[in-house]
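Two complexes come next, and they have one chain in common, subunit A, joined by subunit B in the first and subunit C in the second.
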Partner chain A sequence: MSTDSAAGNRAASDEGVDDPILEIDDANVTYNDGETYVLNDASVSIDRREILGIVGESGSGKSMFASALLDAVPDPGVLSGQIRYHRNDGSTVDVLELSDEELRQFRWEEVSMVFQGAMSSFNPTMKIRTHFTETLKTHDRSVSEGIDFARGLLENLYLEPDRVLDSYPHELSGGMQQRALIALSMVLNPEVLVMDEPTAALDLLMQRSILQLLDDLQSMYDLTIVFITHDLPLVASLADRMAIIYAFQFAEIGPRDSIIGDSAHPYTRKLLNATPNIDAPLVEMQPIDGEGPAPVNVPSGCRFHPRCSLATEKCRAEDPQLDVFDEFDTDHRAACHHWQEAREEIPLNAGKASDWYDASDMADRTTNTQQSKTDGQPLLSLTNVDVHFTKEQGLLERFSGDPDTVRAVDDVSLDIQEQDLVCLLGESGCGKTTLGKTMIGLQRPTGGSVEYRGQDIWTADGSDSTISHDEIRSALQIIHQDPGSALNPNRRIVDILSEPLRHTHPNASTNECRSRIYSLLERVGMTPPEDFIDRYPHQLSGGEQQRVVLARALLMNPNAILADEAISAVDVSLRIEIMDLMLELQSEFDTSFLFISHDLSNARYFAEHGDGRIAVMYLGEIVEIGSAERLIHDPRHPYTEVLRWATPNLDLDAMEADDPPIREIDVPDPVDPPSGCRFHTRCPVAREVCRKEQPELQEINDGDGKAACFREHPDHEYWDSEPVEGAQRRNEPPN
Partner chain B sequence: MARYEPECADETLFLSTDTERIEIGTIDDIVAAIGGETYTIEYDEKQRTQAWLDTDEGRLEIDVRETVTTLPHTEETVSKLREYDMETDRYGLPTRTVEFTNEFVDILEQQGTTTT
Partner chain C sequence: MATEADSTDDIDWRSEASAVEMSRRERLREFGRRWVYEPAVIAWADMRTRIGLLILSVYGLMALVEVFGLWRNPGTNQADPLLKPFETMQFPLGTTRSGVDLLALIIDSTPFMLLMVLAGGVWATGIAVLVGTISGYKGGTVDNAITSISDFFMAIPGLPLVIVLAVALKPENPIFLGVILTINYWAGLGRSIRSQVLSIRESSYIEAARTMGTSTPRIILKDVLPNIMPYVMVNFVLAARYTIFAAVGLYFLGVLPYTGQNWGVTLNYGYEKGGLLTMEAFHWLLVPIVAIVGLTFGLILVSQGLDRVFNPQVRTRLTGESESIEEENETTTTGMM
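Coming up: the complex of A and B.
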């Protein structure tokens, strides 16, 4: 099929593919009567039984590529080009020529898909079992044989088949729903599985665990997997080959090791350097200036040229072919006029060793830093803080004992100093957001106290209070994860930013307010401010919205800002820039930062640059706290080790992940947490004593910070106790 | 985690386990608070390609009365509902009834792209 693309055919076939199962030639998706391209000249072959990782930032066209593979482009998009599917028996299907009925059979039976938003495609009134039986019946398969197969799939995905099949979707956690969807997508035994951001809504540990499971399923069922994501390090641990997509075109395709270790496109190299990871030296992580173009505003020539430091007149005029550029590297293609210069002038920081870690040096450094910070009164002081939600008792329970309690935060003590920085790290449901909100007075604790500069924030405005409640409220601010929903869509940026000024500067004139807003917008990188001031939030990019939210918080002159997953929604290439901005503003505005994250790489970047600490939370408790480098290089709590394992990195030598250092993938029910050490049900080194006795958070030897684990105490009865079922006996007591 | 099954007595909905029974409200009140006898979930083009979905051009009509009286709920949901009283009047309905309808609508809204 011909194409109207202005650029012409910019791609050669894949030299490195021996036995293609899918061949995509010159695929284009257009809107507006062919005027707007959201996929442009995509040509790639997918090898049978390979895992191809496709990486692109939001709005780059990667989901459109996934839709194109199944001829499922949303209306009124028009897909052209050629997509050929080669069956095992040697026959070939021209996907774009299939009738509706042929297409219905082709999808899910031969090529199946777990797409972004699939967790919203359940029927909420049907049990998971019915989802399987309906799928089997629709494709004329035997239900009993299919359900048996489904049981095996669910078991391979570490789920209890009976429990899952008998559940409605809302009765399963996000991780369980996602695994049920993977099993559903495989129940017809397809040859190819296309996965579009299948783990984006999940915690890092669950993401990593699912990737491990996919790796196993791929070899067990001889699958070909196309894994599409914005998260480069995540897919790097799984993929055989990788393709990088930028502004609706493939920029580079090649073997995983070549892409990570020897990429040729400046965008790939800059993206690798912009990705926070736990091994690379912090100083060498650099953001990419600017943002990717919208479909209606694609630059001429090479689409990356406005953001590329190597761009020349040729790049501005001529769209480079995606082609083999090196006769000795024929399975690697890149679309760049200056690939040699890119390799020379943009050195990769991935794989370089990070700063040398010395425990005693780190302990001294951290002690000195913390000592200087602790000289004065803490800004915020939490003492034995509990946030418990008490359940009302049923009639029978009233006669049978104590009321049940959901312990969202349990006995947490923590001081935050002036200009301090603390990252709360943990999985969903661990209590980090509840603790963060309790710190800044948005959640009332049920036990213990929270003091702001010595004043209990819940008794402020009492007869003996030294600081007013209003003063405390404006001193403690929050930035939410999703900047879009935090900004009123019906108000212009100037109105949104004027609101806090009315509180902090009630007598300021309109001109003074505007002047303050202009200078702050400039300070957060929105220049010139007059270009932004009259816009509505939907007219800003995600990164710009987050800058406005940050500016709004700063206009309150806060002493502490709680940033709740504040960079999770920002594209990878911009994360370091936003984190750098927050860190600069922290020192400029003398503010403390409480940074909530599920991602150790981001927490490390923040904590190391801001001279702060990371507090690891598990089921309502802080289980370890210390400097980022100590936690990464010398984790003392087994749960910190798990988070370290779950954090993908870009070091090729360390990329082949070991089995997870954990016995159970799923987090226990927070309504009924385990007795003793709450981590004992998942801990790989738990012993009988861990079931009964709860370890306290105590200073560790030979390092900075604290940990709550019996293994830190050489004389504890732990060392004479028997390992629990499935746990290992590891190491001797520390000296 | 305990599963709370719906149970109807005298036109009133209860959620029950072997050891506990919690009153939710009259079925008529619940159906009215949800917005009527039917609730429509709309799935986008990709979602409607799922083989298990039998929709009318992407629209799935849910019989609210039937679903309210058949769909079980988690202990987490019930623990939230316990926080609310059957006596307190809110929008002319007991607060727990209103909170239940919010939880119920949340379950439906998690699916599809738009709901009506």
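Coming up: the complex of A and C.
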């Protein structure tokens, strides 16, 4: 915008940065001949060897900032401004003025980038080793030296160098691929690593483990890291400084502790309060109303004012500058006219301790509620359910030996009552989605039985069935992870929502159907409904799409809904709102909910509000089940403790993450699961007996729920057994 | 209000919005807007479709002229032999060696050609869509059976088969002829449609439809088909083009029986009477070629433009429904994600 403000910003941005490696001045990215800004007036300095965390919702321009750092803005975007890079030897270059050849060297050798989704960054027809050698050759480096360096990197990332280098990308798990990609981006020993949502496709435990490794790498190789994410608590544990980006502008920049503990911008404060988190009291979590603007209609004045409760006339008229607002705190900049009010009016939740937890009290409470629920026949009952997949075999393999079987779900028994709420929690690949789909009859189990009100789902319509297949089918519904792909792009909302009514009310007139659709749309918060009814799915925002999906499931009058990671595709600021909506509708429509998540804080929010249980899954088995309170405050299975560790947390004192309570980062191959207790290969307290014997899922003492661990039994031979290699000899049996 | 037992009776289904009730008239208007007005606006907005439609309407006009007998029928010695095009405006495209009006020849066989092209295209794509969607969506044994059959048809060499059939059956009806010419065209097309369906059936919205208990034909019709429509349209035109070329080729070779002269036969006579060698008879060859190429070109232009009709994003943008929703910045959002 005006040059004066840019000068002001520059002066401000230098504060708190002694030895900048990158200085970004007034960077703008525009489309449509300068009409649409997707990055506006970005001015920030990045200190040598710091970790800068950049947080923003999807579509806020944060990836554009990453591309701008490398002058790699996709066409037809136009990047203007100044990006100065200071080399180690003291010389300075302006990135935007480099020639194509210089730019090619600058990228990867000085500043390299790690993208989201490793699968699409690797060429599937080339071995990992070839990716490394190609990169080295292109930049005229010695291949043998480079590969040696890469081996070191891979080892530091807890990968076996030989195995990984000789694999094709698809042979590695998602987490391994992402780590191999990080090694690849560092093979030329760059100074700066720009990471754009590098862990977004992974589950929490892997994310946290990778972050831990990044922290080590950063000090080992003297790196400067720019870490871009939508996940505020995740990056908070890693970053030295943080920047919050909202609607294509920086809203606030400052040291991590000031941003988390004493932020000045209302957006940051609200975002912190909207983030599900396992320590804050549940009632305090508040969603932010509205959604972030699209680049074509950015509000005038302060961009946050339509969603801000403190907005005044001044906010509507005048765009606040990102500037130091407090002379005693010159590192901290925020773009708000009313930062003082913000601090007073919007108290932060984090740091407030949760209600004091009393195990016995909880046990009483939940046994009571469980008791009341267990009366009568369960809605869904799983008995010793197995789901095994046989891997496709090549021609030669068919002649040799048994086919490989993936035990996605292994011998699981679980009862779901009417109006119950169960969260399945676990890492990706643990079989939680398969189990969920088996429960609602979308996946046929290979062993055991699934019963709906006493009727086996897969023999319904048989001679002795009491409930017809059609009735079961409409009683069990699903909400998918990505609302964008769960709605047919070629049908209007009214057509999509008429579909369930065709099944539930086949004789209803068009007008009656319409009135039902209208009232339900109003109920899920899409008002006025006539504005939405004739739209196509692409004309709705992610949150609205998820509401339509929810409405579609509810129109079937289901008795149970499977929500498969149903909020992970929704913006952070809207998650609480969608979860609240689901919970309200659950009681209104008398349904049961099966909620699948890899995030303990989301599962906790659900389970605690809906008074339900959390079932922790590991490699196809349920290892612990119980109320959210008990699982968080008194985890019995070591794996639950690991998940608890992996859940990011906004408490500044607890933030300096300790080492993970786990011995191996990667999940064992489900084709060949470990003998005995399946968790023994990663368990920090595993003993010899865990290798041989498999613990049963049993009621735990003084607490609700069940756990499958020998440590629950004070007189088990476990306590006399030798610890396995690498495991700690920790504590003695409970008395 | 509901006639059936309703487990959620305690919920007020009535909406306060006044616009809920729709009269029959409004519904009709809505139907017209959605199925006639909107596709027309989108098709017309595209330069290619506009030109394509204009070209095709010329052929339509020629067919009408023939049907209502507004132009003379071709006959020998109507005029002087080998008049050049535009030499006299009475015979604008010139005449053949035996003094037949070339324009009359072209117009005379236009309805026949159009019917044949339509029959060929509809038959080939219709069977291919049916076979491709069912085998792709159902999978398993059904898929195996259908793929085996279409493999068999793909293995038969197409042109010899058509020649044998043409000689044996002597098709003179244009619709029957169109079907014969594309008798095994569906096999390859069905295969590629199947592979498209394979990826669509894994999508979440198909699973959601299955979870609701929607029947297979309805899922294929409502959820699968609209998403492969652009592909089907392009292939319809390719099949139609194949039909024209095959028919003209076989008429040229003299394999197909004919009573009157049509484009292919005219081409053959023009060639035999030295159209390639002398400038005198060159227009005799050129006129049927232009007629054939023009029809194909028109079809291709229309099909290229038509795939936009099935794209909901283009649809909403062009009919002015998108207002402020992220439409105009498609490029920017893809860049940012």
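Keep in mind that, in the parts below, the second predicted complex is superposed on the first by the 703 of 735 C-alpha atoms of A that agree within 3 Å, B and C clash if a C-alpha of one lies under 4 Å from a C-alpha of the other, contacts with A are read in each partner's own complex, and residues count from 1 in each chain.
In this text, a residue touches a chain if its C-beta (ideal position, glycine included) is under 8 Å from a C-beta of that chain, and two chains touch if they have at least 3 such contacts.
A quick note: this is a predicted structure, and the numbers were derived from the prediction, not measured.
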Partner chain in contact with A:Pro74 - subunit B first, subunit C second, else both or neither: both
Which superposed partner A:Tyr168 touches (first subunit B, second subunit C, both, neither): first
Partner contacting more residues of subunit A (subunit B vs subunit C): C
Touching partner for A:Gly152 - first (subunit B), second (subunit C), both, neither: neither
Touched partner set for A:Arg535, first subunit B, second subunit C, both or neither: second
Touched partner set for A:Ser515, first subunit B, second subunit C, both or neither: second
Which superposed partner A:Gly462 touches (first subunit B, second subunit C, both, neither): neither
Touching partner for A:His139 - first (subunit B), second (subunit C), both, neither: first
Touched partner set for A:Gly376, first subunit B, second subunit C, both or neither: neither
Subunit B and subunit C footprints on subunit A, overlapping residues: 67, 74
Residue ranges of subunit C in contact with subunit A within the complex: 1-4, 6-8, 11-17, 19-22, 27, 203-205, 207-214, 222-223, 226-227, 310, 312-313, 315-316, 321-322, 324-329, 331-337
Interfacial residue positions of subunit B with respect to subunit A in the complex: 1, 3, 19-22, 41, 43-47, 49-54, 60, 62, 67, 70-72, 74-76, 79, 82-83, 107-108, 110-113
Touching residues (chain side subunit A, partner subunit C) in the complex: 31-32, 36, 38, 58-59, 61, 63-64, 67, 73-74, 76-77, 294-297, 440, 442, 470, 473-474, 476-478, 480-482, 485-491, 495, 499-500, 503-505, 507-508, 510-512, 514-516, 518-520, 522, 528-530, 534-539, 549, 552, 556-557, 588-590
Interfacial residue positions of subunit A with respect to subunit B in the complex: 67, 70, 72, 74-75, 107-108, 115, 117-126, 130-132, 134-135, 138-139, 168-171, 184, 389, 391-392, 394-397, 404, 406, 669, 671-672
